[in-house]
Amino acid sequence: MKRTNDFEALKAECYELNMEIPRRNLALYTWGNVSIIDRNAGVFAIKPSGVSYDELKKEDIVIVDLQGAVVDGSLKPSSDTQTHAVLYRDFKDIGGVVHTHSTYAVGWAQALEPIVIYGTTHADHTIQDIPCTPPMSDAKIEGDYEVETGVQIVEHFRKMNLDPNETQMVLVGSHGPFTWGVDGAKAVYNAVVVEELAKMATITRQANPQVQRLKEALRRKHYERKHGPDAYYGQG
Amino acid sequence: MKRTNDFEALKAECYELNMEIPRRNLALYTWGNVSIIDRNAGVFAIKPSGVSYDELKKEDIVIVDLQGAVVDGSLKPSSDTQTHAVLYRDFKDIGGVVHTHSTYAVGWAQALEPIVIYGTTHADHTIQDIPCTPPMSDAKIEGDYEVETGVQIVEHFRKMNLDPNETQMVLVGSHGPFTWGVDGAKAVYNAVVVEELAKMATITRQANPQVQRLKEALRRKHYERKHGPDAYYGQG
Amino acid sequence: MKRTNDFEALKAECYELNMEIPRRNLALYTWGNVSIIDRNAGVFAIKPSGVSYDELKKEDIVIVDLQGAVVDGSLKPSSDTQTHAVLYRDFKDIGGVVHTHSTYAVGWAQALEPIVIYGTTHADHTIQDIPCTPPMSDAKIEGDYEVETGVQIVEHFRKMNLDPNETQMVLVGSHGPFTWGVDGAKAVYNAVVVEELAKMATITRQANPQVQRLKEALRRKHYERKHGPDAYYGQG
Amino acid sequence: MKRTNDFEALKAECYELNMEIPRRNLALYTWGNVSIIDRNAGVFAIKPSGVSYDELKKEDIVIVDLQGAVVDGSLKPSSDTQTHAVLYRDFKDIGGVVHTHSTYAVGWAQALEPIVIYGTTHADHTIQDIPCTPPMSDAKIEGDYEVETGVQIVEHFRKMNLDPNETQMVLVGSHGPFTWGVDGAKAVYNAVVVEELAKMATITRQANPQVQRLKEALRRKHYERKHGPDAYYGQG
């Protein structure tokens, strides 16, 4: 049987990653949450609901199982916990999930516009547009809303034939960005990236309203510099 | 009979809330003011007129009655005091009022445009567009201007059938945002929120000039996650 | 006869005001300058040319006469010294002059667009649009350029029938903002204001491309709250 | 024969210049690199590949020869090393090269738009538009990509008849800015400048979509105030 202090390291790491959100200006007050999973233990750690980053403490982090039921912690987990749970169940290789209300990414999500790939900064991270899910049906909104938000992401990836290991970010239409990654640090990094890509795309369209999507060869080149068998970026 | 030091706690809290304004980048120099009310005592505390946040001290805070007459303090209260007084008289449940000249909210107020509800960040706070009052008549401008500013807010809410407990922010047309809340901290929070919503709406329209208002079901869902009898956001 | 240490106080004040420029994010590197005048002594103090704010020291400030000739100091005065000199000679009541390359004000100056008065933030400072001088003739550019820049400001104010005591800021077309005031602190304040007004006007036009100039009654009301015989803003 | 500690001063300077990149908000994480050349030794110092600015240490800097082969250092040099090498080989007078993904400059690069010269801030640095290279051919992308990026810059300058000593910045189309200068400090300065010029140009076009290029006389005047035989800006 698990005891409370088994989760100390997981909570501590989850806390540190959550504190990156205000440091990187990705959310005001309580408007974001980071979770990280321990797949062996079958649990993930997540920010408690409605607690401001100013007041968040390491011991406030909540441990839940893959159905989102609380395993450890005295606070209620994030109201988005079920969305995280769906992503962990369906995207088998991810180790962390981040949700924020960062300004430009929300601006595009509200516009129901995918972030078109216009340059190599984008291609360094994925060769696809950052997808934006369509408006949710009323039935689903009135159903199990946070579960449906996760399901909608997963189904949109399936429908668009996107690989969640290659495209590690999405705009939930009318709402805002969710990002993930092999671990929590990568998921937070991707939350910074999606905000920057949204801002760059805004400027690009202002500078040239007729701008075209980045050409295929350049998309592949930059992605493959950093990812896959022939990657040569970094020290790896 | 009230003595000066009766108001020390009220002044101290009002001072701290005023200092949030420059910390949150909501106003330059003297361009904002926060008040909080003590309904039992029938007075409210407010920033003095024309004193820069850099120089503001706790003891500078002025105590006025609900007609705006000074009850305690050696400085003149904010030139917007009468507007605050009208709001406290008509919106019976509010505990704090904030006025700023934050950049994006002023940008929209000057445009005489309500901030349309485009996403869930907005719906987390109100299911209505943030209203913008129409231009004031010349007679009212040349009359008791600051009182009329308050009256205009109250009348616009009545005319638009808005509930000030649900929609806790307004753009005064050609001028800027006023926000309020159950207490001063909530009013300051709402001043941050209205600035962010204005910025997000600007980006949303840039990304998609044909964007539509957020669908009804999603408006209700997000608002009711946080407010009302079935709220499940936060630790409450 | 004047001795070096006569100007120590003037240099110290000028230095402090210059340091407000980077603190308020109004200029990168060396892209700005503040001067203040001592009308009794017939001299003004100004930043030296091409010295970065990072390295500027109090003793680097240069003292020049109203023709711009160096009276005290071992460095060359700002290349814009002659423009300041013209303003001091023609605008008899001003005590300080500031020039920056702040981003939004330069954006509008490059657009050759006056900053239209759209709201009360603007009317709190002047009831006029912030004027923008037309492109300078080639003959003047190739003549005594910095003197002509000052002359152009003065002539534009005359032609537009503007009062430099009421409108304390201008955009020099294709170049950037100059501001002034009764003293150096007011001139620096106005440099912050013109940048903010330019940013707000940009947002206002984005939110409503058909926006109209602020109505006359509101312009007068806000200006007269703060200025003139019936002013009631502040503690004065 | 060179020994390791011969390069200590070069590494130390290169490290300090690299740290200016995050300080000046020109790049997130690892998205930039600065190099400086020692032409006598026939080597240049450059940031290692994929090392975050948060973790970069002086001793991580890599020394390479003008073909980009590592001469000293235990890490892999920046993936953009070959681009720097081409610039050093072809632009004989430059002492430093900088590449960033600063937001506005990338926005314009992605738009495949040169930054038109709209004002004197731009003319203080060059009398030309900041050029933007056209999309690279697929053959070159799939060839020696980083070398080709450098070649493309050099060929574009030749074709446009631009002097790299006068125009010290370029937008690589679909990618982002490269800047250079007589030394590393000037190259970093130019990286700040190109970002600011891109932002100013964005605002200028918003304020006046019909804006015209700066007139010839003003371009020459401002450039020659700062550069060439008759320069009179600064203390030189």
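Letters are used for the chains, namely A, B, C and D, taken in the order the chains are written, and counting of residues starts over at 1 for each.
By definition in this document, a contact is a pair of C-beta atoms (placed from the backbone, for glycine too) under 8 Å apart; a residue touches a chain by one contact, two chains touch by 3 or more.
All values reported here derive from a predicted model rather than from experimental measurement.
Taken together, chain A and chain B share no touching chain. Minimum number of contact steps separating chain B from chain D: 2. Interface of chain C with chain D: the two copies contact each other largely through different residue positions, with under half of all numbers used appearing on both sides. The greatest centre-to-centre distance from chain D, using averaged C-alpha positions, is reached by B. Chain C is reached from chain B by a rotation of 90°, derived from superposing Cα atoms (nearest 5). If each chain is reduced to the centroid of its CA atoms, chain A and chain D end up 33 Å from each other.
Each chain gets a centre from the mean of its Cα atoms; for chain A and chain C, those two points are 46 Å apart.
Each of the following residues of chain D touches two or more other chains: 201-202, 205-206. Pairs of chains meeting the touch criterion are A-B, A-D, B-C, C-D. Remark: chain C residues 118-121, 189, 192-193, 196, 199-208, 211, 214-215, 217-218, 221, 225, 232-236 touch chain B in the complex. Put simply, chain A touches chain B in their complex at residues 28-31, 48-51, 75-76, 79, 101, 103-104, 106-113, 135-136, 138, 141-142, 145, 174-176, 198, 201-202, 205-206.
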